[in-house]
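Here it is: the structure, laid out below.
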């Protein structure tokens, strides 16, 4: 594994970084394709995907260091074929799809011939902070399902070939995941939604389903099991986001350290000025605790303990999304005027990661869920016999 | 005064807000001129400037509420002729310029016929965080001074007519302020520096002085008194920044409150969900303490106690720049996906205010100065007889 | 006023500080009486109380600097007769009591011949965070009222002579305030509740009312107006707490500055080590914003705008209680091992102020109220015509 | 291991907790001895110590969960024989002592027949934040060494049987560790220093060495290797502190959860009130990140990579010491008046952990070291060829 970390590190720093898009721009499609070809040649492409479909087959417990290296560039994960939402979709397909589906949908995705989206989020009052509010519906017809509804913030849909669509299926209860090409009849991609992050193209558009037919062969897993599969996808997808952004935070922090080492102020090196030291130390703490928290959450995912995986990945998501924002924000601060202008990429990095505190469940939604789960777990413990600790002694 | 607050409020909300530039864009010059004409007609233009030169003559102790109303739009202060750096330059000219200079430089500035810059900051290792490192120099020649040097981050210089230039004048000791048109021989404006804020044009370019001649009549105040005048300009200029940005933070907070009042989640209004309440309350505290701190610092400026003015305006600058950032950041958070996309202006507001934690002295530079001043003040108190309090009793 | 500030400052530092109780102890009654006599002699006693009853008659807008000087010692306000709950009770009596009551209850209180309590808080589920849950009741009888119920956390009741009791009076609606001696029949003071703060005696015991008779002449103000009077008392009482504790925070901060100035580490003065500078600067910011926020809230109280007074005093209470805790906590940190041991009083100061984040409404209760008020105020503004700002543009 | 966790958990909750000392008191010696006997009987005593000397031989990678269970009571670790400084001394002796020393010093320590101290810290200007300032010296004499000097904050020395003393040994260079009984001639224990934590007796007194003779047989390891051994002891000792205090933070958090589950306010359970949820969620995040960070640092210690062990244990120490303080502080807040009074132990827990932010290197000292190490590591990377990232593009 160490070897793959080192090779990914070298590839990202030597090949990807020189090809990054300009300040506030997205990487061009052809530039990205060239990077992907180079990644394949370098043997670092699709590290997380199954070997039988063309990936490197790295077990999830070893993803973090590789994904952090990928994330050192805002386009690194895209170059390596392990960016969202493709990476999460690959894992979901690997775990849930049947062999035929794997051949038709997973294989071209791993090979980088196709791109994908995950169509779950809806305009208010649909599935957003509250997934149970899912409004898009699929109804049973002969040989398949007809989807009606509207999705929003569907990352990558403007350039994706297909999508995994989450739809309420009242006839079987619950929700169901369905695979469909995005150029299928009855699907409209757009209008676009401009967001503040820009490095990766594909947008976050609306996607409208108006009588879109999906044959039974393209139902992913069991009809009605959609919410369960969403959980399967969710915890690791949160964590790979954390890994990639943590890599970008390391890049920003290294930039700040270079400035602190190289810049003199008031006759001293910036690194020796105390207020700078406090910023550097706090960023080191944020980086190390994020790294450790990711490992702890990945271990829970790997153990198969879904309750622990859900809780710890939720905590990791909140902590990391806030920590990487703070780290990059401090780097901006340490670089002064250069930090907020186009001579350095730092303020763009800040804009790249800002939405992560909102996407995949906002910090507030997660905190609410974390608190509820904690209170309920303790309540169960007390009901099981643990003495209440808040009883006041006279 | 209350009346002017109300009229400014109405003007900004009814006239300026509908004319704001699009997401990530700058206001067009002609649109800005139309707003300024409308502001003059509405009797709200140049509230802070002296009546004899065309302003409304509001005393500094009453600026805050008016400037906050102006700042409710990112282009409000520009529309009202009280944006930086013009507003700070007007005050400096009012306090230091002679009558002839006031007629030639101040009057057209107040009337909005001209725009100005303040050319102090230099590329490293010149005047940046450490003003004493001033490298641009003016040498004495017959009838005036010749300026040589390079400035950077000179806000507004791309569209300004003239600048107040800070230059080392070794022949008289210290530094001197000089007035010069920016199209004068020996001055090159540019290259531009792209920064993350965008609402107001004019840029933050490099300005190079290569043998630029300034006649004695355009020396501002006493030769050699430049650093003292810089202080005169500095404290109020920091505070008017605080006032304007505080207004923008109120706008973002109002936006978040509208969302909290209008949006339902999990069957409750967002305003009744606790984690949202914590964000709202913290923003209220940030807004109220910023408002109070500005008033306290303005009172110190108005009292003529320059040490207190410097200390308190420094504290106000750090507190407000960080508080407005937090308030807007929380508003982004409360608006979820809309907070980071182009349907709402919030993430652009965040980018507008981010540099304020760096410009006019970074939070770190100010903290460093605040700590030193506090330690020295206490040291003087102890030397004057106050018992040392840290002596350990056995 | 300045003169009284200076005299209070001198008295507290020269007379009170040498008489402070030992580490973790309460001041002895006789020592306190001697300090009060000295304060009367020095003309600094009861600065806030009406002149006709023996106070110095300082208007509320001038209390802050005097009370901060008093608070520089944890027993300063007690020595000067302006500690809680006496000080708040004096103000309430001054504003609400009739002349006869002022003579019988206010005058001896101002003269320091008697001490008082304010009996509002009750054991759960009575009046605590939620005052509307008031359970103690007074029922109408011939010539007066009979009180039944139980109070808790009644500060000072162990040494107080009388109390103002808040009781539900269903026969007239709402609640009523009643004056009663604490040695009256039907009143039991105790058991004690040990709390972590210790400098001032008097405790925070339970007080039980079992058939306690209060004659009509001792009803404070209008029957049924108790909640309104509680508001009258509340906002200023919160603010005087802020003032006093802010004084103690200044003392801790001065102690830390003395240590930073006097201690060398790694060959540099502690004050020149950056991480220390960050702590010092943050404390300066906390002190200055607290001071400014108190002034802003006092101005609102003084203006008679009860809604603004309530909101701003609530914000001031949260901000100051948290800021003074942080300032003292940083001082502990800067003094290292001495900070947590008996050679310095700092850790005891931290314990003195810790409860202030809970008493008089916890930070959480206040935040909850602040958020609700802010959301409602904005809702009214929108209903009155302000355009909703959270409408997403397509 | 799981079994030992469960048994420790049961023992601490069922046997130790009922025997805890009263509010603000220390556990009595005989009560502690009884607990230790019970722990031996229950097979949970000295989990970390080598089996050949009477411990349970748990590898360091498995300490955390056991020590957290021990720390659930403030006297749990003392009852289990794994409290500081004994536990750190045992590990040091295990790694450095020769067999004879192990028999004479380690064995009785593991068996609980003796207690120990670690005498390194000195009064200013000796070894404190800056260990290099070590002033206590040992000079070579026939057959041994003579120690002269003064130590301070020597935890447990008032009841300890022996100490490991750190002394400068100029004749061999560097410092040397020496073992001595504390009742040896030339040693004075005292005066005491009262500190704010109280649960465990033994104090933190001064210890003075005035001609104390230590024979060669009691020199620990190599003469002159003291600083290296101090590092060996330091990283794990920091981490076991983190583990124990994290356990206490879990206890406080459980107390708060019980209150949140059981208390109604404004007609809702406290757990459903949002501001409470924010506190609970933040504590969950603090607990989980502390737990993960401890594991990451322990893994580094276990790997033998001393640089990583030092950096990560330093980061863990800062993060955990601040996190456990915040968690207990929030628990105090959630329990309101009970949180700061003697009906619950919470405020005492807060006082128990407050010094941990200072002992073993203050947060500020660690941050300073963390920042320096980070800047230097990056400097080495750049010198080894990594491109500087802070170069501004034109």
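By written order: A, B, C and D. Residues from 1 in each chain.
Assume a residue touches a chain if its C-beta (ideal position, glycine included) is under 8 Å from a C-beta of that chain, and two chains touch if they have at least 3 such contacts.
Everything numeric in this text was worked out from a predicted model, so none of it was measured.
Visitor: Among A-C, C-D or B-C, which pair gives essentially the same interface as A-B, with more than half of the residue-number contact pairs in common?
Guide: So the equivalent interface, with over half the same contact pairs, is C-D.
Visitor: Measuring between Cα centroids, what's the chain most distant from subunit A?
Guide: C
Visitor: Calculate how many whole Å lie between the centre of subunit C and the centre of subunit D, each centre taken as the average of the chain's C-alpha atoms.
Guide: It comes to 38 Å between the two C-alpha centres.
Visitor: Taking each chain's centre as the mean of its CA atoms, how far is subunit B from subunit D in angstrom?
Guide: Inter-chain centre distance comes to 50 Å.
Visitor: Multi-chain contacts in subunit D: which residues touch at least two other chains?
Guide: Subunit D, residues with two or more chain partners: 273-278, 281, 342-343, 367-368, 394.
Visitor: Sort out for me which residues of subunit B touch subunit C in the complex.
Guide: Subunit B reaches subunit C through residues 13, 251, 254-262, 271, 274, 276-278, 280-282, 284-285, 288-289, 291-293, 295-296, 312, 315, 318-319, 335, 338, 342-344, 366-368, 370-372, 374-375, 378-379, 381-382, 386-390, 392-394.
Visitor: Within their complex, state which residues of subunit D touch subunit B.
Guide: Of all residues in subunit D, those touching subunit B are 191, 272-278, 281, 394.
Visitor: Touching subunit D in the complex: which residues of subunit C?
Guide: 23, 121, 124-125, 128-130, 152-153, 193-197, 204, 263-266, 273-276, 279, 332-334, 336-337, 339-343, 347, 350-351, 354-355, 357-359, 362-365, 367-368
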